Structures are given as structure tokens and as C-alpha cells.
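Take a look at these structures.
Shared between the two complexes below is subunit A, which pairs with subunit B and subunit C, respectively.
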Partner chain A sequence: MNASTMIGTHVDVRDLVVEFGKRTALDGVDLQLDTGVHGLLGPNGAGKTTLMRVLATVARSTSGSVSLLDHDLSKQRDLRMVRRRLGYLPQQFGYYPRFTVREFVEYFAWLKEMTPSAVPLAVDHAIERVGLADRADDRLKKLSGGMLRRAGIAQAIVNDPDVLLLDEPTAGLDPEQRVEFRELLRTIGVDSCVLVATHLVEDVAVACTHVTVVSDGRAVFRGTPDDLVAAGEDTSDGDSPIERGYTAAIRAARKR
Partner chain B sequence: MSWHVTGEALSAYASGRIADSDAWSVEMHLTACERCRAALAAEAATDVDLSTAIRESWPGIAANLSSQGRVRRGSRSRELIVLIAAGPAARWAWFTAAVVVLALAAGLGAVTPFGRGQEIPLLGVVAPLLPILGVAASYGSGLDDAHEVIASTPGGGIRLLLLRSASVLAVTLPVGLIAGAVTGYGSPIPWLAASLALILTTLALASVTGVGRAAAIVGAAWVTGLAMSAAGDVTQAAPALLDPDAVPVWLLVSVAAVAVVALRRQAFNYTSLPAHPRLEN
Partner chain C sequence: MSRLVARVLKMELWRGTAPVAALSIAVAGIATLFNMSEYWAGRWAPLAENLRMILIVLVPLAAAAGAWQGGRERRRRIGELLGSTARSPWQPLLVSWTSVVLGTFVGLAVTWTAGAALVAPVATYEGRHWWWSVVVAFAGLAAASAVGLAVGRLIPNRLVAPILGIVFYVVGGVATYQSGGTQWLMPTVSNSRDGASYLEPQFQLIQITWLLALAAAALVVVGARRRWLSTVPLAVAVVAAIPIATGPGDGRWQPDPQARELVCADGEPQVCLARVNAFVLDDVAPKVREMLERWEGVSGGFERAIDRTSLSRDERRRAMPGNGPQGDEMPDGEQDHASVTEPGVDLERTVVLDLDNLISWNATLARRSEHGKTLELVVAEAAREAYGCEVGAGVPEAAWTAMSVARLWAAGMSDEQPGDGTWVSQEETQAFEHLRSLPEAEQKAWMGDYLAAARDCDHAALTELAGELR
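Our next item is the complex of A and B:
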């Protein structure tokens, strides 16, 4: 059930092109996303991170239009409002080794311009939701890789974002944490638009309501995880039904 | 806020018929939205059982609640502390380096004779330079470890840059003043004015080139200018740039730079990305 109503589309990308010099990282991507957990699959170099960075308002497009929460990103005036409603976990993110988990998350709560009185509780909520409550006062340099990743997720969700962008969030998480993380995604996806870039087809099968497969800068498949399974019924490459679907989608795109 | 909890979801929430995961979302929304809190209160008021239940259980709940989370109380001063403390400029190593450099400059300047009866105004040369380097280090060089996330936040643009610049000045200016006073350096007004002009010019230029490059350009221009003015007129007690007569010029430059920063403030929306220059198209 969808607990809330949102006017319009959370993410609306039309004919997005991003070039780095002569290399075309994204080559005409169309994407419309609403509430729910959306998986973004694709091989190395497909353009997942580039798409995430454009949506995070960190990188700019070469051409095409991108609007988030009904605000056109090319309008500088709206940028600030959109950014307040964003959560972003980059594929690689730096942290401040001397900060405690709590200070780190709080830092981003302030950068996201949250109401001062709401900050303390929101910070504690976010830390609790990623299962780091017992390590909240530890310095980041003392955490394991997977715990750092979770601290990164906590900063991304601290402002209860309407659009949450997670680039490889499960990298380094142990199996138990991965299960809890998927549950977290599901709860956030109830009233927000969550986009998860990943290599782990399993994450998508379990946690996502929708899947987009990108290959060579193009969106080559859009549908539900079940649709992706169905796409792979004729292939035998891959260990699970959804992996077969993924392989089939990439192959079909390359043949074209 | 562009959306609100639906009436259907609110009544499900009020009567406890809602799924746990949805309750989470509703609660998060309620903490932020006055309108939906009011709607929920109205919803709950029509439910006699619920109203009584709330009235009776509230004292017990309130007794167990801390008024805020375990994070320090959320206030504007706390915000400033956290935002400034995250910058590399706030680190002790940088602070120590600034103190040592200024003290050395002041000390050396006081004991080293310069040409025909002059002294090198070393403190005056170095003091305006340090804040620029500090700002570059704390913002423009990609040294801020989390710049990728910061760039996606509304508070990560010009506001953070100004805050960090102010915090750098707050360190270097007093240290420079003390060092000058101890070593008997003359009036600090000329180098203070120059410091202000240089840091503001750096910010203005940064709206075009990014902070790192702006700091390098302004720093190089400052050193070159000083060398030229010192070489050009050896009869003066101090290089023209550090002369009291230059103060009004520095103030004019400062005003012009502030105007540029104000006009071009939107350019800072994207400039916190020095590690990916190609993306700043």
C-alpha cells in the first residue's frame, strides 16, 4: 500500500546524454521513476554511476532533460529545494576518520539544511535504521568496511529523502546485513523513490519493485524483476532465473 | 513539502491497522509536517477509544522520553561548529602550521635587514597569503574527503565556502596580529586590508575557475606584485602594496569582489567538484 500521495513524477529523465571528451557514458537514457525500490543493473562501465551522479545533481548532462520531484534540474533556483529532498551514497565516498558515526551523520543533516530541532532525533533514527546504534559514538576510523558503508547509508537517509540514490550500497555488507538492508530499502520505498545501482542481481530479485538494465550508456530493459526472469527463459547462462534474464537482456541489446 | 499522508493511511495509522513499514514512513512524515499532525489529531479525536488511550498512556511515555535524541541539541551554533569542524582547515595540523609560519615570518622580518636600511615586511607578505591557502585546502582541492556527497547537498555551495573562509580568517588574523605586536611590526592595517581583498578576490575568481585555481592565481599575483613594487622603488619603507596609502584601494577591491561573488553565487552550486574538472561543463 502506498501510504502517501505525491504529485507528479519523482525522477523524470528524457534523452539524457553525458559525454566525457570523446567517450559517451550515457547515450540517450529515458527513465521515469516513482515511489518504490528501483534496481539499476549493468556491467562495469555501463554508465550506472554516471546516471547516479547526474541524478544526485553532482554531474551535469551534456544534453537532455532531467527533473526531480517536478523540478527541472537546469533551473538553478530549484536546485536547492531538490537537494534538500535528496539522499545520495556515492560508489566511493570519503569520510572524516576522526568523526564519530553520530557526528558524521549530523554533519550531513546540517548540510541538507534540516530544521535544527529535528536534527538530533533524525540522526539517531538514521543510525538505528542501519543497525549502528551500538557503535554510534565510535570514530569512523575504527569501523570495518561494511560498517562504514552503513554509516554512509545513514547519512543518505537522515533527511528522510524523497529521492534516495544508492550506488553499490551492499558492497562489503555481510549476508545478514544485506538481508536487513533489503528490508530497510523496502520500508523507505513505501513513500520515497529509491534507486539502487548494483552488480548483485540477487539484491534486485529480492528487494526491488522495478528493474532497469543499462548497457553501453543505454537503458536496454525496464520492467519488474518477474519480467526480467521471463526474459531469460530461453537462455541457460547464469545461475539463477533472474541472472539468466539479465544476461539475455544484455545480449539482446548488444546484438542490435 | 509536496505531498501528504492520505486520509486513508492516516485513519489506518490512527486505528493501528497499518503495516509496520508504512507506519515508519507515516511517523517520519508526521515529525516534519504540521498539517498532517493536525489531520491525525482530528482523526484520532473522532475515535473515542483512541483518545482515552492516548490520554491515559501519555504521562508514562513522556516520563521515558528524552526531549531530543542523543545528539547534541540542534541549534544554529551547533550547526556552525559541526560544519566548520569538518573542514581540514580546522584540523590542528593546519592551525599549528599557520601559527608557526606567521611567527617565523614576523620574527625573521624583525631581525633581517633589507637593502638600504629597510626591513623585509615578511609578516605583511605572508599574512594575506595564508588565508587563501587555508581556504583552498579546506574547500577547493578535493581534500575535503566527502566532497562528492557534499556537492549533492543544498548547504554545500557558497554557504559552506563562506563559512570555511571566515573560519580560516578567524584563525590567521588574530595570530598575525599577535605575532606583529610581539615583534614590533608596524601598523597591521595595510596587511589586514590586503588579506581581506585577497581572500574575497579568490572567492570571486573561484566562481569562474574553482577555488583551487583561484587561490593559486591570486597567491602568485600577490607575490609577483610585491616583488615588482619592492624592486621598482627602493626608497620606500615598505612595498607599495603594503603601504598605508594602498588601504583604500584594497577596500575598493574588496567591495568589487563581494559584488562579483553575490552576482555569481549560483556558479558555486557545482564548483565543489575539483576532482572531476570535465564534469564542470
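Our next item is the complex of A and C:
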């Protein structure tokens, strides 16, 4: 059951608009993602989290169409199918402090309707993958901030999701953990679609196969990390080639 | 239930509100139950009745525990994560509620078991249908925790749990003051029936239906995507509530003839207790007999003692005319039961034993109740209860004196105060001292004259008798 069963497009977003009252968080986003690790960059308030929440089936779109794994999210019946194949780490990660790491991950395995017999192994595997094996029986409230984030990642990947949505997963991780985490992303990205929203441009350069930059609710750049580097060849703002590319993409969008 | 669900339930049991609920209910339950152990020690049905009474504290605790559990998802800001998962929300809700319910059940079971440990070794009557009462208590906690869970989900505030607890406490308190059927909508009962009455199982089944349907309605409101589905259990709850609320109040209690059956100690004079109280008969009988001996040679003196619990309303009135109907009124609608004494028995010469408060936690006879009552005073009370007129404003001072002296004599008091809250005046003490200074035959003659005058309600004779002792 671990193998991806997906052949078509993992994420297909067309002309997505999300409004909160008068504020428009997403203003006509188009996005097609397949297997691989996709970076999502953009300034504060650009709409990254909003996009993640729509894809995670917890926020509603105002207009436009969103389909995941060839299921239309507006259909209640399809939601359940999609959710079983979904992994999600919210930016504001909530958890039950009295649960142990193992219990927390197992609880989510249950919520994701995994085959019961597969759960114990999957839980151990997920905890191992985020490097928490030695803390598996500690209560969450006893973990450090970075470990907590990793426990959050473990619950997201426990069901070997076909679509994995991670909203600022590397915030609070130490350098060594970040290196291991990028490695983990690459492994998962081989047969799943991973979307990582982050402010750490370096992570994107190293771990991602594709990059999307959003600004003011619009996707203003889509391409590979190399494409983004190329876009920044004319500017000098930024300390690394990819930062320069990011800055250039944002500036170009604002001029329009 | 799959093993995975069992593991999830176990997590909730250990990590949720359940342990706190179990502990607080067990502690509060045992504290309140054992604080009034004299009302149930040695008796099964009164144990169940008192378990229902202490629900006035336990139901609010269950509701608060439910509300706290219900607010957890919001407090922990985990709704976002839960919303992205496939399982229908009613399932985690049900597991969550089950954990709280099991917690409250453990607390109540511990409380009941602690009580049962004091009852089982000594009980002389197995009781009638009382375990239905225990089931209603459990259903009450289930309903309270479900309503609490729903309210905790719906109202986004940490104070919901304590406030809901207070609300339930107040509602429970108000319910116990209702005389009509509405009191039965709460699982709490307002007073113990000393095991001499019982509730019909059919009625308690209706109560259980009402409580569980209410629980189901509360859970469906917050758990189901289609909230209107809650109208189904709600309709069941209403259908069950109607006969409860419109039915009788205290009249729901049925007299239990077996519990009231007389069990008499071997030998003479006759000392009999109700079967439900018979476990203290061996303690009571020798002491009462010793006191009855005093009346030998007193004309019209008392010659037997019978448990008040056994006597019908009519028998009590005949045995204690002075207590009159005003002192021994049957609550509205409650049925009287059959006489237990033989037709020939002279109830006038019968001491009515009121053992209320006189049974200690270890199911033996208490030397003195917390209100200062003793068995001696209870038996001696018969001398005063012989007074056959309406006790009220028209009773002359001298009649009071005569009654008081007679009681002190019957109790075999010396010059100390009774210590049960009644106060003996200087004048009464002097009159009593006078009586005691007389030769025994004269003392008994005076007592005989007193009994005759008191039973006839002859105020002139009582005044004269009091005058003799001045």
C-alpha cells in the first residue's frame, strides 16, 4: 500500500481565488504539481499558508477549481479519498502535550484511516525517519521546539502520503537536522508530490526540484531552482545566487 | 473494536481528562458518601439511595470533566490538523467521550465498592431493585459528561468547565426541592428512604432512556455533519421525559414489605427491628431490654420496642399520638404500607425505635450520633410521645415539666444534660431530683399516673402531677 498509485496530476489548481472578507489572499493562482519536491517561496502575507490550507482541505476556495489526485475537492464524497492520501504540517502546529511521540503519530495514523495492521510499523518508520526514535516514548511537552516540529513531520508522513504539504517545516531545526530533513524530502519526493512553504531560500536551492514564488496572492514565478538563479543574474541584492533570483522575481511582479 | 481503536482509546484514557475525572469523583464520592455512612451502613438499598444523593456533587464534576475534554481541540489549536484527516469527526469524538465516561465510571464504581465493602459482610436484607438505582447513577454521569463535552466544544472559553459545573450543581440543587415528577429528570434523589421503599425497575428504565437519549443528542449535535440528526435522540429523550415529569414525585417510592418485615430478638420482652436494620439487632436488643425493665411495675408501662421503619403511618400515630400527624406526615402521594403488628398488640405500650443516625460507619450501633442522640434517649422518648394532645401553643407549662421529668426518668439520667440538643430547665431538674428521691414504688406509681394522664390528654391531672414534685 506504500507505493504511489498515482499516474495523473497530483495537484491541479486553476484560477484559485480565496477571499477573507474584503482581503484577497489568493488572486487567481494556477498550479500543476507532480511527483518531486516543490518549493513555495514568497514574502509574509503572500498567500502561501492560504494555498496550503486549501490544498489540505481545511480552507474553502472562493472561486476556481482545485483537484488533488484527480479528485475534485468541491465534492464531499471525494474528500475522504484525498484525505487518506494526504500529509499536512500546518504553520501553526497544534498538538496534545500529554501524548507521547509514538501515541501522537499513531493517533494520526488512525485518523488517516490507515489499515490497522500496517500502523505499528508505519509509526516506527515515520518516527525513525525524523530522527526521534530515541525519544519515541517521551511526552510531546518534554520535547524541544525543533523536536516537536519533527514529531509534526512524523505524523504528516506516517501514511506515506501521495501529497505532502509542509508549511515552514524547517523553522527551529538545527543545521544537522536540516541536512537530514532535506535528504528525507528528496526520498519522499521520488514517488510523491511534496510542497514545502518556506522562507529559507537555501533549502529550496538544495532540496527542491521545482520552485513557485507567490506574491500578493499570485504565482509570479514557476520553474526549477536553476531557472530562479538565472532570473537573478542582473541584480546584486541578495547574498547568494538563488536569493538574487528570488528578489528579482518579486520585484518583477511588483512592477507589473 | 479493532486493536487500533483500543489503543487510541487507551491513549485518550491516560492522556485525556479521564484520570482526573476518575480521581476527583472517587475522592469526592467517598468523602461525601462516608460523611453520611450512618444512613446506609449495613444496608444495600440505602447505599444505592445515598449514591444517588451524592450525585449532586458528582454530576457537576462529570459535566466539568466533559467540558474540559470537549474544549481540548480548540485549546490545543489542533482543529486545523484534524480537519485534514479522513476519519469522520464523530469517531474521535466518540472515543474521546468514551474515555471521559469510563473515567467517571471508575470513580463511581470505586465509591460504590468502598461502600459495598461495609455493607456486604453484615447486611441482613438483600434489598429490592436497588441495583437499578445504581445503573441510573452511572447513566447520569454518562449524560452529564456528554452534555459537558458538547458545551465545551460549542463555547470557546476555558471557564466553560468550571461554570458548567456550578450550573449543574445549582440545577441539581433546585431539582431536589421539586416535589413533583420533574425532580426525577435529574439522576439525583433528594433524600434516602432508609431502604424501606424502592423504585420500580420500569420507571428507572425510563430514567435511563431519558438520560442516555440526552447524551446521544448532545453528542450528535457536535459530532455529526448533519446536525439535524440529533432530533432523533432528542425526540426519544422528550418522549421519555414526559411520563417522568408529569408523574408523581415522592409517590414514585413503593413500600417494600420485605424490608419492613419484623425481625425479633429471641426471648422477652419483645424487641423487633425491620429486616433491613436487623444487622444491629444483637447490639440493640440487650440495651433496649435493660431499659424496658425500668417500666416493670409501672401501670401502663412500655413492654415492647419496635423499629419505626417497620410501622405503617397508622401504627406510628397510634404508638406516638403526641407526634401527631403533623410530625409524621407522609410526603405527597406516597403510599402507606400494611401494618406489621398483630391486631392484638397494644401499640400504646410500644416503644418506637428510631435508629436514624444511630448506626455507625462500621454497621454497629453508635454510642452517640453526631447530633448527640443515644439509644437511651430514643427509648426514653416514648415517655414523652405518650402525650396524646396536639402539641402546640395551648400546652400548659406544668405539662411540659411532667413530660420532661418522665423522659429523664425513663432514660435513667442523673443530673447531666441529655446532650441531644434538648435543654432541661432548672425547674425540671429539681422536679426530677424530687422524683428520684422517692422510694421506688412511689416513683413507679407517679410514672403510671403520668402515663394515664398523658394518654388521656388530661392537662389538669398533669399539672397536679407536676405540682406533687415541687
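Some observations on this one:
The rule is short, and it goes like this: the second predicted complex is superposed on the first by the 250 of 256 C-alpha atoms of A that agree within 3 Å, B and C clash if a C-alpha of one lies under 4 Å from a C-alpha of the other, contacts with A are read in each partner's own complex, and residues count from 1 in each chain.
By our rule, a residue touches a chain if its C-beta (ideal position, glycine included) is under 8 Å from a C-beta of that chain, and two chains touch if they have at least 3 such contacts.
The structure displayed is predicted, hence computed values, not measured ones.
In this superposed model built on subunit A, subunit B and subunit C take up the same space, so to speak, and clash. When the two structures are aligned on the shared chain, A:Phe99 is found in touch with subunit B and with subunit C. When the two structures are aligned on the shared chain, A:Arg135 is found in touch with neither subunit B nor subunit C.
More residues of subunit A are touched by B (comparison of subunit B with subunit C). In the superposed pair of complexes, A:Leu69 makes contact with subunit B only, with no contact to subunit C. Using the contact criterion defined above for the overlaid structures, shared-chain residue A:His10 touches neither subunit B nor subunit C, since it reaches no partner.
In the three-chain model built by superposing on chain A, subunit C overlaps with subunit B at stretch 130-138, while the rest of 22-30, 40-48, 58-66 or 130-138 show no clash. Note: residues 53, 56-58, 80-81, 83-84, 86, 88, 90, 92-96, 99, 103, 106-108, 110-113, 116, 119, 155 of subunit A belong to the subunit B contact set and to the subunit C contact set alike, using the contact criterion stated above. Across the interface of their complex, subunit C is touched by residues 53, 56-58, 80-81, 83-84, 86, 88, 90, 92-99, 103, 106-113, 116, 119, 155 of subunit A.
Per the touch definition, subunit C reaches subunit A in the complex via residues 2-5, 7-8, 11, 15-16, 72, 76-87, 92.
Chain contact summary for the complex, subunit B toward subunit A: residues 2-6, 9, 18-19, 21-22, 24-26, 28-29, 31-32, 68-76, 78-79, 82-83, 85-86, 144-156, 160, 266, 269-270, 273, 276, 278-281. Contact residues on subunit A toward subunit B in their complex (touch as defined above): 1-8, 20-21, 53, 56-60, 62, 69-70, 76, 79-81, 83-84, 86, 88-90, 92-96, 99, 102-103, 106-108, 110-113, 115-125, 136, 155-156, 160, 162, 186-188, 190-192.
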